[in-house]
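In what follows, chain A forms one complex with chain B and a second complex with chain C.
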Partner chain A sequence: MKKTSVIILSGVVILFLVSWLVKGASLSGEENPYLQGFLTTFAAFLTLAVFSFLYRDNPFYKFAEHLFVGASAAYWMTLGFWQTLVKKLIPKLSDGLANFFEVPTEEHSYWYFLPVILGLLLLMRLSKKGGWLSRWPLAFIVGYTAGINFVGYLRSDFVKQVSSTFVPLLIDWQGVGHFFSNFSLAIDGQFVMMLANVVIFVGVLCGLVYFFFSKEHTGLFGTASRVGIWILMITFGASFGYTVMGRISLLVGRLTFLFKDWLGLIS
Partner chain B sequence: MRRQLPFVLVFLSGFFMIFQYFVPHQKSEFVYEFLLDWLTIIGGFAMALGIWSLIRVSYDRIKRQRENWGYSVITLTGLFLMMFFGITNWEDGSFGVYIYTAEGLSNSMFVHFFDFILIPIQATMFSLLAFFIASAAYRAFRARSVIASLLLLAALIVMMRFNPIFGAWIETVANWLMNVPNLAAQRAIVIGLGLGMVATALKIILGIERGYMGQG
Partner chain C sequence: MQYIRPTDGGRRSRLAFGFLSILIVFAALSAPVVAQDVVADTPADTTAVSHVPAPATSVVVDDYKYDFGDRLNLSWVPSIDDQIGERMVLGYIVYRSINGGEFKPLESLLPGASSFEDKDLHADSSYVYYVAAFSETDTVPSIHTQAHQPEREFIHFDLLWLFVIAALISFSVIYFIWMARAGKDLFVRKIAGLDAVDDAIGRATEMGRPILFIPGIQDMDDVQTIAGLTILGRVAKQIADYDTRIRMPVSRSLVMTAARETIKAAYQIAGRPDAYSDDMVNYVTDEQFGYVAAVDGIMVRERPATIFLLGAFFAESLILAETGNSVGAIQIAGTARPAQLPFFIAACDFTLIGEELFAASAYLSGEPKQLGSLKGQDVGKGIAMAVILIGVISVTLGKAFDIEIFNWIADALSTVFSKAGGS
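Take a look at the complex of A and B:
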């Protein structure tokens, strides 16, 4: 290990210990103050370790990254075991097992042995000789998901979207009133609402034209495609702005944690 | 047998799921719920397979002392510590190992690991994107053409909406932008995506697409 690395590591360890003790002492009125102090300091250390990636990839970032992989895998496995296998499977198989795992008993269904067998076959992937058996549960999962997706996407992403696009453009609209008698430029007025319908209809059509690559984008088709790009650019800009604000709100959350919960600089 | 039977199984399960949608009978809905449970249960076994793979890969790196093997020790430490906290509890003063009841889920250390390790790392990683996205924006948002200007303008309006100093009008404009042109383009994308998903699902069910089954 280089001399510089040793100095940096020692500095971080000393700072961590000082922070732990100071934080623990500041929480003296609470239950387990030094445990709370340790956890808050450790969370602050991990936050700063991840932020250090802004400089470049470094051992502190790698430490946080690898700890996250291990701990989150165990977290989801523990949760999955209790809430999926024990809660959904055990009560269906036997009362004895349900009592053993202290979960409420349910009406038995021996059909539930089949997913157990398929699950065990999935584990055969670990075996060199019987690895091919793991294709059976995989086939069930893939076929099931494909069937569900076929109907689900056809209904929600195609039929419903198309039917929502084909709305009246210049007539009475959802009880707001007649277009010419109730003309209003207000945001909730008849004109703006109808304009919205027209923009949505034209926007969807032009957007689809842009994604249609089987015909050359020239002439009227090309114009529609260009309008499609404009609409898509507005969407990408809006989505970008929305994402930025979401990330900034997370950043504010982390900074609040550092300055308020850890350092206590903000009351 | 090794290769053909799985494709028959894919066809049968896929076809059944399409068929049951068009038969809104109590029994068909029961079978649908039933198979949904099956999928969740098989998913539980898949998770165990994933954990085993993680342990094996990390152990292998440590054993052979490959580059950066020390980080695999941290991965395994995090994994086993979290598992340990998930099956133990000492809240009532006496230490207990609970491999058959969900007591471990209420172990304060299990909850603390989630609150003070997983949440800070995850939230900070996502917030890091704010910096990278800002530098990407600097390169992408130069108003050199009409479409780049539209992108810039839409992003600025949506971002300004969150700032109270710009008044209520910006909120109105941003809402219109999100609910009208944004909706139109999203709908065009979703329609394309939907058709693509339907075509892929059909190819899988009919056995035209077979890549997911791997070689051998």
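Take a look at the complex of A and C:
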């Protein structure tokens, strides 16, 4: 290990210990103040370790990364075992096992042997001779997914979208003269509402043209396609700004933790 | 419908009457003279002492239309004492008897309730219900419903139009697959991002750096993940041809299994099964940001020349794309999630937008099945465009100028699509 690395590591360890002791002393009125102090300091350390990635990859980031990956992988495996196998599967198959795991018994359903068999087939990957059997549950999952999603997406992304686009382009229409004599830019005015419907209609139609792959995008079709991609890009721009604002609030949350909960600089 | 008097109803009425009589006598003896006059003038006020609410009426049980015989609908007219302002009824309790057995309380509902949907029933059992309105002191049962057995319907006729649309698209797909297999050349327009795939793999080969393939963070039950893995098959074959390295960290165990199978098959097709290794694909964690942290680490440490981000992405999209951009990798991304597309467009070299992700595998492989599927979907889009055009023109002209034929077309289209949509 380089001398610089040793100095940096020592500095971080000393800062950690100082922070722990100071934080623990400041929480003296609470239960287990030094344990709370340690947890807060450790959370702050991990936050800063992850932030340090903005500078470059470093051992502190690696430590936080590996801790996160290891802990979360173990957590998800445990959750999968207890929530899926123990809580949902076992009570449907065996009262004895349900009692053993201390979960409420349920009416037996032998259909539940089907996922058990598929799960066991998946584990056949570990066998050199029977490895091919693991493709069966995968084929089942992919086939089931395609079938179930076909109807779902056809309804939500096709039929409902089409019917929602049946909007009138002329609203409260009483002639051109009336339209211009009562012209208003009010949000609920005739012009703005008509414009909104025109944007919906043109946007959906041109968007569909853009995603039409069976015809070359030239001529009028090409123009419609370009309008479609412009509308998509404007939508993406608005969505980008909106989402970034949400992400800033996440950053504010972490900074609030550092400056308020850890350092106590914000009351 | 049969009215069954509650077994203890008569005794309760007699008790209530006796109790009221005692109260009246007691009030008459103890009240001052003025009050006695008031009581004498308003004999109807004696009922105000009672807390017995009127029962719910017209209790009817109906079969739930289009189910597997596991649901019944119960409806009733709320008690006349269940009105906003002077509400005596505090709620309703639904009682149920199965196959003539004992009535048992099933559900407690808030005041104002007038219906209840009983689920998880058996089609071979019969059910009788009654609804009891309760106040602070009393519970008054309604009449019993007739015994009703849930019926099972195998065809949901309300979704007939959805079936017609699905059948039309499905037949188009089958027709175009048949055409493609018969050797007819099916045209698919150029998709910009996909032409870059070959260059991107070639770049990695020349630079001697690995290719990183990220299939999103969803499981195999997401069509975007399946689309990503389909493209992986084509990419892996070329990687095998070029003898380049591929690195694929995944966040789902099933995706790991499927990805290994896909790459293995691609290496076999390329005639290089010996070059395949299970280590090409590795599981990281199901945790979203744990996975992101690991992938970011891989990006900065292994510095891949090319990164594919094809699948379902969420909040991690920008983090991954920005890190990939910072290491100088050429990035080809694709997702059908509208909220994440802006980040890929901003940070990646090429982005497959929505449907392009699903079209990509057909475009890259040129297989008859996939091309036929793509052309069939285009038929669906053509139908959608035509229907939208006709629908909007009809609604506009029908409403603005009150032309009967356009109103009729608009109503017909609206009915067909709202029924197909299940509303």
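Keep this in mind: the second predicted complex is superposed on the first by the 238 of 267 C-alpha atoms of A that agree within 3 Å, B and C clash if a C-alpha of one lies under 4 Å from a C-alpha of the other, contacts with A are read in each partner's own complex, and residues count from 1 in each chain.
The criterion applied here is as follows: a residue touches a chain if its C-beta (ideal position, glycine included) is under 8 Å from a C-beta of that chain, and two chains touch if they have at least 3 such contacts.
Worth saying up front: this structure is predicted, and the values here are computed from it rather than measured.
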{"item": "First, second, both or neither for A:Leu122, with chain B first and chain C second", "value": "both"}
{"item": "First, second, both or neither for A:Ala25, with chain B first and chain C second", "value": "neither"}
{"item": "First (chain B), second (chain C), both or neither touched by A:Ala146", "value": "both"}
{"item": "Touching partner for A:Phe68 - first (chain B), second (chain C), both, neither", "value": "both"}
{"item": "Broader residue contact with chain A after superposition on the shared chain, chain B or chain C", "value": "B"}
{"item": "Partner chain in contact with A:Val6 - chain B first, chain C second, else both or neither", "value": "neither"}
{"item": "Which of chain B and chain C A:Ile14 touches, first, second, both or neither", "value": "neither"}
{"item": "Contacts of A:His217 with chain B and chain C, given as first, second, both or neither", "value": "second"}
{"item": "Partner chain in contact with A:Leu154 - chain B first, chain C second, else both or neither", "value": "both"}
{"item": "Contacts of A:Met245 with chain B and chain C, given as first, second, both or neither", "value": "first"}
{"item": "Doubly contacted chain A residues - partners chain C and chain B", "value": "50, 53, 62, 64-65, 68-69, 71-73, 75-76, 122, 125, 135, 138, 141-142, 144-146, 149-151, 153-154, 158, 161-162, 165, 201, 204, 208, 211, 232-233, 235-237, 239-240, 243, 247"}
{"item": "Chain C contact footprint on chain A (complex, rising order)", "value": "50, 53, 56-57, 61-62, 64-65, 68-69, 71-73, 75-76, 122, 125, 134-135, 138, 141-142, 144-146, 149-151, 153-155, 158-163, 165-171, 173, 201, 204-205, 208-209, 211-217, 232-233, 235-237, 239-240, 243, 247"}
{"item": "Contacting residues of chain C [partner chain A, same complex]", "value": "162, 165-166, 169, 186-189, 191, 220-223, 226, 254, 257-258, 261, 283-287, 289-291, 293-294, 296-297, 300-301, 315, 318, 338-339, 341-343, 345-346, 353-356, 359, 363, 374-375, 378, 380-382, 384-385, 387-389, 391-392, 395-396, 399-401, 410, 413-414, 417-418, 420-423"}
{"item": "In the complex with chain B, residue positions of chain A that touch it", "value": "39-40, 42-44, 46-47, 50-51, 53-54, 62-82, 84-86, 88-89, 100-102, 111-112, 114-116, 118-120, 122-123, 125-126, 132, 135-151, 153-154, 156-158, 161-162, 164-165, 187, 192, 196, 199-204, 206-208, 210-211, 228-245, 247-248, 250-251, 253-254, 257"}
{"item": "Chain A partner contacts - residues on chain B that touch it in the complex", "value": "2-3, 5-7, 9-18, 21, 34-35, 37-52, 54, 58, 68, 71-72, 74-83, 86-87, 100-102, 104-105, 110, 112-131, 133-134, 137, 146-148, 150-159, 162, 172, 176-195, 197-198, 200-202, 204-205, 212-214, 216"}
